[in-house]
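Got a structure here, written out as structure tokens. Questions coming.
In order of appearance the chains are A, B, C and D, and numbering begins at 1 in each one.
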Amino acid sequence: MEAAGRLACPVLAVNESHAERAFNDRHGTGQSAIDGILRATNLLLAGHTLVVLGYGWTGRGVAQRARGAGASVVVCEVDPLRALEARMEGFEVLPALDAAARGDVFVTVTGSRDVLRREHFERMKDGAVLANAGHFDVEIALGDLRAMAGEVREVRPLVEAYRLPDGRRLHLLAGGRVVNLAAGEGHPAAVMDISFALQALGVLDLVTTRRAPGVHPLPPAIDAEVARLKLEALGVAIDEPTGEQLAYRSSWTAIGPL
Amino acid sequence: MEAAGRLACPVLAVNESHAERAFNDRHGTGQSAIDGILRATNLLLAGHTLVVLGYGWTGRGVAQRARGAGASVVVCEVDPLRALEARMEGFEVLPALDAAARGDVFVTVTGSRDVLRREHFERMKDGAVLANAGHFDVEIALGDLRAMAGEVREVRPLVEAYRLPDGRRLHLLAGGRVVNLAAGEGHPAAVMDISFALQALGVLDLVTTRRAPGVHPLPPAIDAEVARLKLEALGVAIDEPTGEQLAYRSSWTAIGPL
Amino acid sequence: MEAAGRLACPVLAVNESHAERAFNDRHGTGQSAIDGILRATNLLLAGHTLVVLGYGWTGRGVAQRARGAGASVVVCEVDPLRALEARMEGFEVLPALDAAARGDVFVTVTGSRDVLRREHFERMKDGAVLANAGHFDVEIALGDLRAMAGEVREVRPLVEAYRLPDGRRLHLLAGGRVVNLAAGEGHPAAVMDISFALQALGVLDLVTTRRAPGVHPLPPAIDAEVARLKLEALGVAIDEPTGEQLAYRSSWTAIGPL
Amino acid sequence: MEAAGRLACPVLAVNESHAERAFNDRHGTGQSAIDGILRATNLLLAGHTLVVLGYGWTGRGVAQRARGAGASVVVCEVDPLRALEARMEGFEVLPALDAAARGDVFVTVTGSRDVLRREHFERMKDGAVLANAGHFDVEIALGDLRAMAGEVREVRPLVEAYRLPDGRRLHLLAGGRVVNLAAGEGHPAAVMDISFALQALGVLDLVTTRRAPGVHPLPPAIDAEVARLKLEALGVAIDEPTGEQLAYRSSWTAIGPL
């Protein structure tokens, strides 16, 4: 909207703040997406292959938690920097067509559309599970799935089996809507408290600071303040830097003996 | 019963076979106990401390999955060998009284009774969660809890808050019964298939082999056969040893050039 | 220098580029710092407690690798946002004075000075190991250590035992200089190739782009290009977004059916 | 020897005791084999694929540490039960011929011979690294390697490059001898103390107990005593079971309310 000249008011990009990304996206969705998948399917993750499509903050959380649950994790990503990060974390990185033939469970977390589509469905194993934890219900191409399937049957609540002409069944969770909300309870309170605090302090900032129309980053001081409050709530104490350390940090002459 | 001379028939100790321990206890309960706790509470595990009491096969599974879900894990164990194994796996090992003050979530998996009792409840934090994934409902001393609490209130389905005189609330899950069955769906089918196969082949062995009354270990060939079938079902191929390798394995003279 | 008005030429902050941070700092130092410590000491990490002071990119790498090697890891950090991230990753987060009494091995990676000093040395266990993987040799207060020690003895190459009046010995590695360079071989070639490529393309950018004096971020296109080349070298293929996906990404009207 | 009727004295199988396996094999070799490989090569493990051949106690340790160092780990195993355990731990399990084409680093830990041989060498990538952490120098078929190579050159101390006719180079570490001893310093003292204590108490048992000639398991009480001493040395306290718990453990009537 800003690029199109249609944004008439100031906006704080709370969803892009570091605290929101690090806690809500990574740890919130990381846990709740896996939780939603397990509630819907009661599948065993150990010994199975879970494919994460998208390795942004949310994808990292899902990949980390899936590995932590015993799954063998494959990552698909179009951005080379993110793909290399995934590979360096020990995940196998594959093009989606190759991953399609390997996965037992697929989770889309790209923020894009039609990430899994006809060409991927054609290669999947019988029994594959399709879940979305990204955007709305557009990441899995439902139109393709419906067009390919001869029969659709609800085999458990929130689990529809699409039977393909060759007999394979693909299991779509929650109609392709975000699985952590649709099949689970959404993020735990211990994550939402961070998000709500960022939003509340963001609103306070907006009404006390006269900003121009447009998208502004959330002031980092708000991230820091929310983190400070959260540590306090968790009973975690940390240190303060000493005066000498503060001086050293901003100096370019006080280099130690080389 | 055998020790008491009361066992009149042959029994195969299926529950003590390696395959049962490694898959049902470790991976089955490991996943389903955490799953049950999350379904009951929707707590965030990342950033919280989970105390596992008991580090047998089941306890290892729970500890491993809790760590994989982002929790900081503390282990309590009375057996020194197991305690040392836990410590070498990077878990903090503490006496239960010390752990009581640290934990946000407690999981008993000892196969014993009264593992958490009055002296532990007295030290716990407000809001602590008590779950059992071991024996019946005897691992958490419910009598102590009831005697200490002024008020008991169901705050979510399967979550009872016991309010202590000083205002702290302890949250008991599923009345202290095994949380994976009571608050979840029990083990996934992909684990139970192994257990049922072990039992079926064990029964076949019992009716085809004339064994004396008493407890017998499950023949290791059954473990191997079930593992072979499961690998096949998972589409995992493995190698066979060569003839030379088989000969080398049982030789004590064919030591290579030292 | 820029803040002091003393920077007369354009500078690209290669060391702050995402690729440099994610690969050199995290994976390079993460591996090589632990490697340096093991070469110097041949200590077992499993079962011991390693304290990481500083949870920037380098600290994360060291903490991750130490945990991967079986250590129980404690993090100390003055920044609340970073401290909370560490806690959410399952690390114990403590003030340095508390960590001092717990650690078997200490690694400073703060970029600051005097991070470990007299007050910490006073609380450490007999046999504690002190290593620096951050700035020069100023992170461990060598003056304090020398002032406190009655005797200093080299017990292995690059390992000096400082004997305190009460009999405790603190083991300083490599004279407090960065342990991955001083006791190991520095970063593996498979990390330095990324760093050198960033620097080479940065120099090319500087000589072909007329930038004003001052510090400029490395253009993100260079990170992406280096990541692309590295993936190619590793034999890792990735997908390209489709035209429809590119359009969706920048649209604010094409929201899917809510 | 016992099977051949050639064992004239009693022998305690210290190497097969649980404590030896769990600590020396798993944590000792797990750390020291990776350490030896890094000292010999200074390779980056993150982003590379390490193939572990053999998933006994030692193989588990190597696989766990390699994953902890960021490698993508593939396991090869001939025993179906072990192969299934590896798969359930999230490792990819492949026949050795398939793994040969995938690996960047190979580690043999089978206790068998000719585990990597001509057919595997033929499929390996240029630059592959071959290390043995199992038996003597017979796990990698050196004869095959020499027969295939046109040129052998030491490219770093303890690293020989075997150049194959098609130009590929295979890097053999330490002449195929156990890499943790040959390229590293062997196990850390904090593991050897356990092994030596088991051996010392085993000798004491042999001279104080009149056992028949043959192989006897190490009495479990020795494992427990060594673990107890080691916990004490690490400063780790644990609980004792209560009298009621001891009674419950051996009872078959005192089942709690079902």
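By definition in this document, a contact is a pair of C-beta atoms (placed from the backbone, for glycine too) under 8 Å apart; a residue touches a chain by one contact, two chains touch by 3 or more.
What you see is a predicted model, and the numbers here were worked out from it, not measured in a lab.
A.B. asks: Write down the chain pair with more C-beta contact pairs when C-D is set against A-C.
C.D. replies: Result: the pair with more contacts is A-C.
A.B. asks: Name whichever of C-D, A-D or B-C reuses the A-B interface, so over half of the contact pairs are the same residue numbers.
C.D. replies: C-D
A.B. asks: Could you state the distance in Å from the CA-based centre of chain A to that of chain D?
C.D. replies: 37
A.B. asks: Please work out the Cα centroid separation of chain A and chain C, and write it as a whole number of Å.
C.D. replies: Inter-chain centre distance comes to 26 Å.
A.B. asks: Could you please state the distance in Å, as a whole number, between where the Cα atoms of chain C are centred and where those of chain D are centred?
C.D. replies: One centre to the other, that is 31 Å.
A.B. asks: Specify, in ascending order, the residues of chain A that touch 2 or more different other chains.
C.D. replies: Counting only residues that touch two or more other chains, chain A contributes 27, 46-47, 67, 70, 84, 87-88, 234.
A.B. asks: State the interface residues of chain D toward chain B in the complex, per the touch definition above.
C.D. replies: Touch list, chain D to chain B: 1, 3-4, 18-19, 22-23, 26-27, 76-81, 83-85, 87-88, 93-96, 111-115, 135-138, 223-224, 227-228, 230-231, 234, 236-242, 244-245, 248-250, 252, 255-258.
A.B. asks: With touch defined as at the start, can you tell me which chain D residues reach chain A in the complex?
C.D. replies: Residue positions touching the partner: 46-47, 67, 70-73, 84, 87-92.
A.B. asks: In their shared complex, at which residues does chain D touch chain C?
C.D. replies: So the residues of chain D touching chain C come out as 27-28, 30-31, 35, 38-39, 42-48, 65, 67-70, 184-185, 187-191, 234.
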